[in-house]
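Chain IDs A, B, C and D follow the sequence of writing; residue 1 opens each chain.
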């Protein structure tokens, strides 16, 4: 029988493209024959803006890249700047930073869990996920007063020390959360329909995944035990006990399971960090760079100049963000502003593999596979 | 009293005068007045239109403000807070707004939640045009209001009101869910004073 | 327990009028005017108006109930501001939708686009005709009631196809195609599961089916068909949820995949029609499940309350239990994929339904029941 | 001996310089030999291409490649120096599929052409956008507007009257 292929535009406004991504699909009935990803609907020119701002002014922009998990973005940029300028960070500040990042990893995976299940048609898990997220956000609010865009980690430390009563509240949250993760697993993993939708969907082999530049949980779902926290340790991660979760199947279900396990590992890390929080200052007291005389009174950032000039040079620094390898490539020319900032975002590179994963499958599978890649459009388009 | 360059006049407040006495309605007329019906009708008459039409207006306005169905269109960061508003903790469903319609044809309200880039702008406009009248727009967050932190960028629209009319602006980056709810309540107040009659110039 | 013939709603109205000594007067008045048929027409119209009003109120209540049940499952409140506990919410939604602009998209087939929601709505209403709400509370006890219900249910996919095709939208078209594929593969197990019940009763009439379920089995459990053919019940329930097009089988509108499915382009009152039809259908199908497997309106006799009222209450309780189950299911499980559903329908449910039919035939010939 | 020096030993002519990218070994190579050296780099076990980016140094362009090896836990950065006029370099798409989008992005924002790339079109900005924003001479004051044409494609123009409310 002669049939005609249907050209279907999914997005940029579509309930399950997680924002403003667009798929150009060539459909044979329900089956996807060709998929082309069109992006850039949220391209805000962050990299260009970085060239127009001072080093400190750029920190808030990093918040708005991956807005679900902003702390790791802060940290990745700050780490690059610190490496470039050779800034020493007190131990307590590193502990607080790791605490924030791991807490944010939990938040990110909660949102992932909810939105994945929502994409599959189950409307309830997202409510549960956001219920716990709200508690974590209250903790962030205690730290820095913001819910999503923190601007908390700065070169040389963190903006404010832990407030009073933070650690007990964190312990309370962790105690609650550990039970909740089990709940989610019970609620979701045993569901036959969920397994039908996830198993053997969007399969990608380990070699292909590496070649496509996938990183983070999406890569670990293909059985590659790769985690920058272990391979290229930074901050206090070498001293922490956690395992790298990975599943060999390479399908959507494996990618989902990796994140569930990671939530547990993050809670485990959080507990270690909270128990061993060292005393001391939460920010460096040394002065770095040549702070030009500006006349601006320094109030909040008294330990660190608002305007400083790292020595000329270039650096690429990467961390393990919740979505994968987040890297900042910063070039300094010795002035107060970065000469060039390049953001290597995990979502962008993970998305490359999508067309090869879903050709020959159906629209519902595209949504399931895309959901497990866990993409944030702010991070893709920058 | 000089303090920081501002002169503050001492003000004495007589607290006894603030208390207003609320009288229990006794007569039938007072009871009727207490329900607010008379004042509503008088207000309707003051609008110098047909009483019937204004009453229909009120019914429709009540219906409209009670069932504002938003269109599912998140653009950026604020969209995550939009999800947070819809979730159990803040529960926008209390206002009957939890029916997020994916199709703009069935929606009444558009949250422009996030940065509107130059490339997205015609799509947002198209989405707005696809919605059925009557429709409202709430611009959420600094980016949608003015361009916000991305004001200097080469590819960001400096305020969504450049392309579509906006009813309520909610500041913040992103606004807290409480601010969203406040914005929604402001829109409800605004809808109360709209109407067919007003639109057709009958009860102006 | 009641056995034997009840009346239908027409006869019930006549008998009520008769018992208060009005019917003869009316009949004489109309007869003297030579318009005896006019009285019959008026009574039928009253009957239909009551039915329509009942359906409308039920649908409104169901939308409210759905939102509240979802809220309950998701640990939140649901509509609270409009009216007490948000009870006025469906009324407000209705009024708002009346006042919405009615868009006919460019490139759409105007007439079919307009016609489709009415067909869906009317089909959903027609299912109520042979549905026994209670003892003698039935519009018409058709001798082929069950067949009629299955036949009428098959009309709505046609209307959905019309709607999807006329919208000139790719999502609508795909939603419509899915609806048709789904319906074809689900009407067969549905009908086969229902036929097993017919084998027991020997009649397609819904009243007969209900009457056959009065009495008890082994003296303890009620003689409902769910206890006699549990497999048939499960098949029928799954098939009817697929027929209703609710999660986990809501492919025709599946929001995350096809935006809003076949009614993507509909707005205002036409959209409201689909909305109404969906919930009317939900109620009707739940009523049929109750009629076939839960003994319909049967239940213990209570003192001297008229049996019409108690039976109606029993029927509503059972039906709302089934509806609650459907809503609960919707909030709990994700959606399956369309091809998985078709596989389930053709490869598993049809053979199982045939097996069930064989079992029913065996039981009846062996004279166990 | 780090990876960059190893590379220098194997290809003394192609590798013009060896240095450090703060803490990662860096090799500056001739642009003609990029594909060959990248092949060697992949053989050496560098299976992950993290970054491709271009930098505008006003008088010349630099293209940076950052590799990572999962098995050896090693880093390596390559740098290619291109002339200011019509910068072009070989595409690494045949070796690393991730280079597809990374190179498209570099082309889009910096304006470096990658010869041999199967589909070198703009990725973040719409087709028809004038200029490459991450170049230092990009005119930030020039307003460009996008409208939708047939089939949802973008049309770029400097005239905003098709979209703006107030003229």
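Going forward, a contact is a pair of C-beta atoms (placed from the backbone, for glycine too) under 8 Å apart; a residue touches a chain by one contact, two chains touch by 3 or more.
All figures in this text were calculated on a predicted structure; none of them were measured in a lab.
Undergrad: Shared touching chains for chain A and chain D?
TA: The shared contacts of chain A and chain D, listed by label, come to B.
Undergrad: Most central chain by CA mean?
TA: Checking distances from each chain centre to the full centroid gives A.
Undergrad: Indicate the whole-number Å distance between the mean C-alpha point of chain C and the mean C-alpha point of chain D.
TA: 62
Undergrad: Using mean C-alpha positions as chain centres, tell me how far chain B is from chain C in Å, no decimals.
TA: Distance between chain centres, rounded to whole Å: 39 Å.
Undergrad: From the C-alpha centre of chain A to that of chain B, how far is it in Å?
TA: Each chain's C-alpha centroid was found; their separation is 34 Å.
Undergrad: Distance from the CA centroid of chain A to that of chain C, rounded to the nearest Å?
TA: Whole-Å distance between the two chain centres: 48.
Undergrad: Please output the residue numbers of chain B that touch at least 2 other chains, ranges allowed.
TA: Expected reply: 87-88, 102, 119, 123, 152, 154-155.
Undergrad: Return the residues of chain D touching two or more other chains; collapse runs of consecutive numbers into ranges.
TA: Chain D, residues with two or more chain partners: 125-126, 133, 138, 140.
Undergrad: Multi-chain contacts in chain A: which residues touch at least two other chains?
TA: Where chain A meets two or more other chains at a single residue, that happens at 14-15, 40, 43, 45, 48, 127, 131.
Undergrad: Line, ring, star, complete or other: which describes how these chains touch one another?
TA: other
Undergrad: Residue numbers of chain D touching chain B in their complex, please.
TA: 125-126, 133, 138, 140, 144-148, 154, 163-166
Undergrad: Would you mind writing out the residues of chain C in touch with chain B in their complex?
TA: Checking each residue of chain C against chain B gives 67, 71, 74-82, 86, 88-89, 91-96, 99-103, 255, 259-260, 263-268, 271.
Undergrad: For a test of understanding, state which residues of chain B touch chain C in their complex under the given definition.
TA: 59-60, 62-64, 66-67, 87-88, 91, 93-96, 98, 101-103, 105-106, 108, 132-134
Undergrad: Which chain A residues qualify as touching chain C in the complex?
TA: 6, 8, 14-16, 29-30, 117-124, 127-128, 131, 191, 193-194, 196-197, 362-365, 367
Undergrad: What residues of chain C sit close enough to touch chain A in their complex?
TA: 70, 73-76, 170, 174, 177-178, 247-248, 250, 254-259, 331-340
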